[in-house]
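Below are structures written as structure tokens.
What follows is a pair of complexes built around subunit A, which joins subunit B in one and subunit C in the other.
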Partner chain A sequence: MIYAQVLVDGLTVGLMFALVAMGLSLIYGVMNIVNFAHGEFMMIAMYLCYFLWSGLGLDPIASAPLAAVAMFVLGIAIYRWIARYLLDASMVAQVFATFGLLLFFQALANYLWRADARTIGENWSTGLFSLGGLYFNGPELVAAAGALITALALFWFLNRTETGLCLQATAEDPQVARLMGINTDRMFALAWGLSAATVGVAGALASTYLAITPLVGANWALPAFVAVAIGGFGSISGAFWGGIIIGLVQTAGGFFTSPSYKLLFVYLLFIVVVLVRPHGLMGKR
Partner chain B sequence: MKRLFQTAALLSVFLCGAAAAQDNEIRIGIMMPLSGTAARSGQETLEAAKLYYDIVNGSYDLPLPYAKTAGIPSKGGAKIRLIIEDHGGRPERGAAIAERMITQDKVHLLQGAFHSAVAAPASQVAEKYGIPFVTGGSESPALTERGFKTFFSVTPTANDIARDFFSFIQEMAQEKKVRLQTLGVIHVNDNWGSSLAQAGERMYRQYGFEKVLTISYSPQVSDLRSEVLKLKSDPPDVLLQASFDSDAILAVRTYQALAFTPKAILAMGASFATPDFIKALGKNADYAFSHTKFDPALIQKRKAAGQVSKMFEQRTGKAIWDAPAREFTASQVVADALQRAKSLAPADIVAALRETSIDGADTISPYKGVKFNEKGQNVLATGLITQIQGGQHHPVWPKDLATKEYVFPAPAWDKR
Partner chain C sequence: MRWLPLAFVAALAVYPLVFSMPFPQHVVIMALLFATLGTAWNILGGLAGQVSFGHAMYFGIGAYTAAWFYKGFGLSALVTWPVALAFSTLAAVVVGLPTFRLRGHYFVLASVFIMQAVYIIVSNWGAVGAAIGLELPVYRPSGALDALWHLQFHMSKLPFYYGILLLFVITLAAFEWIRRSRLGLLFVALREEEDAARSVGVDTMRYKLLALIVSAAFTTLCGMFYAHYVLYVEPISTTSLTISVEIAFIAIFGGIGMLWGPTLGAFVIVPMTELLRAHLSGHIGLGLAGAQDSGIAAWLKYLAAGGGGQLDILLYGLMIVLIARYQPRGVLGFFRKLD
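== the complex of A and B ==
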């Protein structure tokens, strides 16, 4: 039974990784920019949910849509004021700009809210139950379900709406997309907004069970990068599966050997993928 | 040409400033984790050192040495200036910070670093320059085992803490007639955390355990599931834990989520003793044991503790706890040595530190006192073990400082 528990836990963890990774992949796919501050967007969303909960008594699950909207706006603002100027910049400038953003947000959070580990107390998702010998933790289960729903919604938007298809066309080739009459500037902004919104939802979901500190996002960004690399840079569905794989590999690898090695397996897989299939499992060559 | 003049003018201002600064002040370089996983603990620990040196620099009516007089009396009332640096918990920064503080800021003494992993390289640099390094809270026994000439550790080490834990576990098991087989140790994978695991692995047989299961993890984690599943696959009777801030909360939440209930959890270091820990976990924080070097119960036994804790609360909005209290006492040891030192030359300060003899009653700590052995370890450092009951820490061991009876074994998570 403990093996089934490993599987369930791997999936729960993996779905959250998947959601975070999808947002990261979105910006990269459309703009070819790696947003190093991606985890910090998540951290800001978590603080937002915390303050909505502590100030207004709003349940973090209920504030997930609010977090999505707020982060959407923040994402667009970052695009307008910063990312737009990086489009034709050198890669070094792109890395430094988004990495600078990471440092800025971490330092700002440290300054504004100090490093206290804040936690959201009893909330709607709080609870434990066991089913057929398996243990489930309410908040994490709700988070995994929420991640799945958000991921499906994102897939639907990208593949079934006109705007979503325009976004994909822009990702494919911005110049041709422009010739076809697509306002690529708006598409880039949309990519940043959507990316921030998805990670905002992830933040809201994670805020029910994780301690919130200025560094909390950084712990998510690295696995997300690996998930994107495994799944294939630029492929949203690749990022999704990459996240799931990481969750499973990390949990199972840690369980069957020693938990000290759990990240080792993830990075080992990462190296193997990079060597054998550099464009990732589902990425385009 | 104009720019040249401006630069020269600016430089001379700096130089004059530096020269003036050298005369009537004592510079202490203090490095703490003000960012990173232990940032909150680090910030509050720094605040305690600042509080003590403010007391020394100003004039306060407190039952502490040098409170009433301003500055260090034997050094013409010299004021102490703190040079503060954030190391973010990163060992590689420790050495660089120490180097800079010694060569550029010309500090008389170094203090810190909270993380043993940072104190190790930093104190190595201090040893090279012959500058004294005093730690109030870095618990790795490896630090003083190096036998440095300029390194002084006021705190009990992980060995002392493990010994306290084991004696206490043995006492509980005998009193409650519980047979203990497996010992678990879960710890962050730096040298402070590993030192608890090493002590556990060395001592478990001697205290009646049959086997030991050690699990290390990186403090930068977003989940601890495989760690806890591993523990659950061979559930230990008693769990020793070394964690930082947010990972400690995550760990206990995961124990609960996976219904892993050891008969007792005993935590070394700051995390389980912080007010945030109880706030975050509510009733699930109950029954955890912490080895601590401060408890409000000490306010009755140490004459300055009550006022100090009030002053600390005014500054930070939080009650003083383990790590800040230890840094406060370490700062007191520093001021005491500065007062007795023949001059402010590093060798004289080191010599004075070596002759330190402070009675525990004159501090705010539960230590029997402060007296260093030839390796610079305080041999009178002891702590107490508290248990969280009803959302509050209560000293339960040693018996003479206990205010409550301990609960053992801990009830299962769903029976609380």
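== the complex of A and C ==
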């Protein structure tokens, strides 16, 4: 039974990793840029939900759409001011620009709100219940369900709407997409907006049960890179399944050794995956 | 312009005699330390083109080896440096063999994750003090020779100052010697056209490993210096991703692959962060508990007094973004192009 619990816990956290990883993969697929500041969108969304809760009494789950809109705008702003100038830059410049953003946002949060952890008190998802001998933590279960719904919505958008298909065409080959009359600059901006919005939703969902600190996002985004690599860089569905695998590996690794080592297995998995199967499970080429 | 480097080194040699207070000397010691680290990184990242975010691992190997042997056996880095270099070479081969098969983003990310894995292991490893770290016991030397043997000079920073200046000059000379030698040409070939280099029979793995081993060796020596200088070693300030990024950024800020790039980067960034930190550390949190929740005036006062801290990292992050956005070749790139 304890193994079933590990499986359930792994899937619950895995769905959240899946949502974080999908946004990361979206930007990589469309622009070939590794966005190290991805987790910082999540962190900012968590602070937003915290202040909406402490100031206006808004439930964090209810603020999720607000967080999505706010992060969408921030994502597009980052594209307009910084990321679009990195398209033709060297990989070193790309990596440093997004890493600089990570440091900037983390330090900004520290400067504005200090390093102390904030937690959101009781909200409607609070509660622990058991079903068939398995234990479920309300906030984590709601977060997993919310992550699944958001992931499905993103899949629907990418595969069933014309804009989504244009976005995929841009990811496939920007030059051909441009010849077909697609405004690729707008598609790049949309990719940044969507990526930030989805990870913003993840932040809103996680704010109900995680301690909110300036560093909270990095603990999600770095493992999400591993999920993206497992799925194959640029593959959105691959990133989804990669996220689930990361959740399971992290939970099982922490269970069999010690929780402080749980991320170690995830990081080492990256090295194994890129050496054995560099294009991931569902990557192109 | 040929005399400029000599004049710079001469000015550095005279500096502590003019500025005798500890703080100005400390700032330049830290700038020299990071200039040396950046120059060592530049051998691998600048010449051979392998952008690593994992160099704090070798810094940590040096720092922890020095601390562990001094704490346990009273042996200072003067004796233990060959042991540390053996460790760093071993680590370089173990890390390099798998990761040098990767390119582009994959290599960068692999270096990030190996760095994170090492950080997790070190912060949980009881034998090296886990997250708390190791303290080097303070020793009262009986004379000048005894002080040198223990590398403990409490009354003066000068021995550390000239020690790191020497290591800095040696590392710069090594960089320039490699750059002008046949080896340097091979490294540049790896950076510019790896496939072409391989097609004419260059054993690319061998030369990447060589670049890493040399680069790691100087980084390790810097770590040993740091342990004896600060007398305290813990994971965040020695073997973390933040330190790795700082080392790489200092090289990139000044100009990646250029002899004086890392030095320029270190002498701009280190004094800036040290001064800002020293200036703000006296103000943070002075009677401002909960200030952020009580009105705009109190909030502005709190921010003006340094807020929750890390204003130095905020500026530093902003500089990274702006350099990458406007001048990806680094500040020296304003003056000449990459050769």
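Points worth noting:
Here is the rule we use: the second predicted complex is superposed on the first by the 276 of 285 C-alpha atoms of A that agree within 3 Å, B and C clash if a C-alpha of one lies under 4 Å from a C-alpha of the other, contacts with A are read in each partner's own complex, and residues count from 1 in each chain.
FYI, a residue touches a chain if its C-beta (ideal position, glycine included) is under 8 Å from a C-beta of that chain, and two chains touch if they have at least 3 such contacts.
Note that this is a predicted model, so its numbers are computed, not measured.
Placing subunit B and subunit C on a common subunit A by superposition gives a clash between them.
Once the two complexes are laid over each other on the shared chain, residue contacts for A:Leu263 go to subunit B and to subunit C alike.
By the touch criterion defined above, A:Phe233 lies against subunit C but remains apart from subunit B after alignment on the C-alpha atoms of chain A.
Once chain A of one complex is fitted onto chain A of the other, the partner contacts of A:Val13 are limited to subunit B, with no touch recorded for subunit C.
When the two structures are aligned on the shared chain, A:Phe72 is found in touch with neither subunit B nor subunit C. Contact with both subunit B and subunit C is seen for A:Asn110 once the two complexes are overlaid on the shared chain. In the superposed pair of complexes, A:Gly254 makes contact with subunit B only, with no contact to subunit C. Once the two complexes are overlaid on the shared chain, A:Ala97 sits against subunit C while remaining clear of subunit B.
Look at A:Tyr135: by the touch rule set out above, it reaches subunit B but stays clear of subunit C. Steric collision with subunit C, judged by C-alpha atoms after aligning on chain A, is confined to one stretch of subunit B among 38-46, 128-136 or 236-244, namely 128-136. Residue overlap on subunit A between the subunit B contacts of one complex and the subunit C contacts of the other covers 106-107, 110, 114-115, 258, 260, 263. Taken in their complex, subunit C has these residues touching subunit A: 51, 98-99, 101-102, 104-106, 108-110, 112-114, 116-117, 120-121, 123-124, 245, 249, 252, 256, 292, 303, 306-314, 316-325, 328. Every residue of subunit B that touches subunit A in the complex is listed here, in rising order: 34-37, 39-40, 42-43, 189, 215-218, 220-227, 229-230, 232-233, 245-246, 249-250, 253, 256-259, 274, 276-277, 279-282, 413-414.
In the complex of the two chains, the subunit A residues touching subunit B come out as 2, 5-6, 9, 13, 106-107, 110, 114-119, 121-122, 128, 130, 135-137, 140, 206, 209-211, 213-216, 218-220, 223, 250-255, 258-260, 262-263. Partner subunit C is touched in their complex by these residues of subunit A: 34, 82, 85-86, 89-97, 99-108, 110-115, 222, 225-226, 229, 233, 258, 260-261, 263-264, 267-268, 270-271, 274-275, 278.
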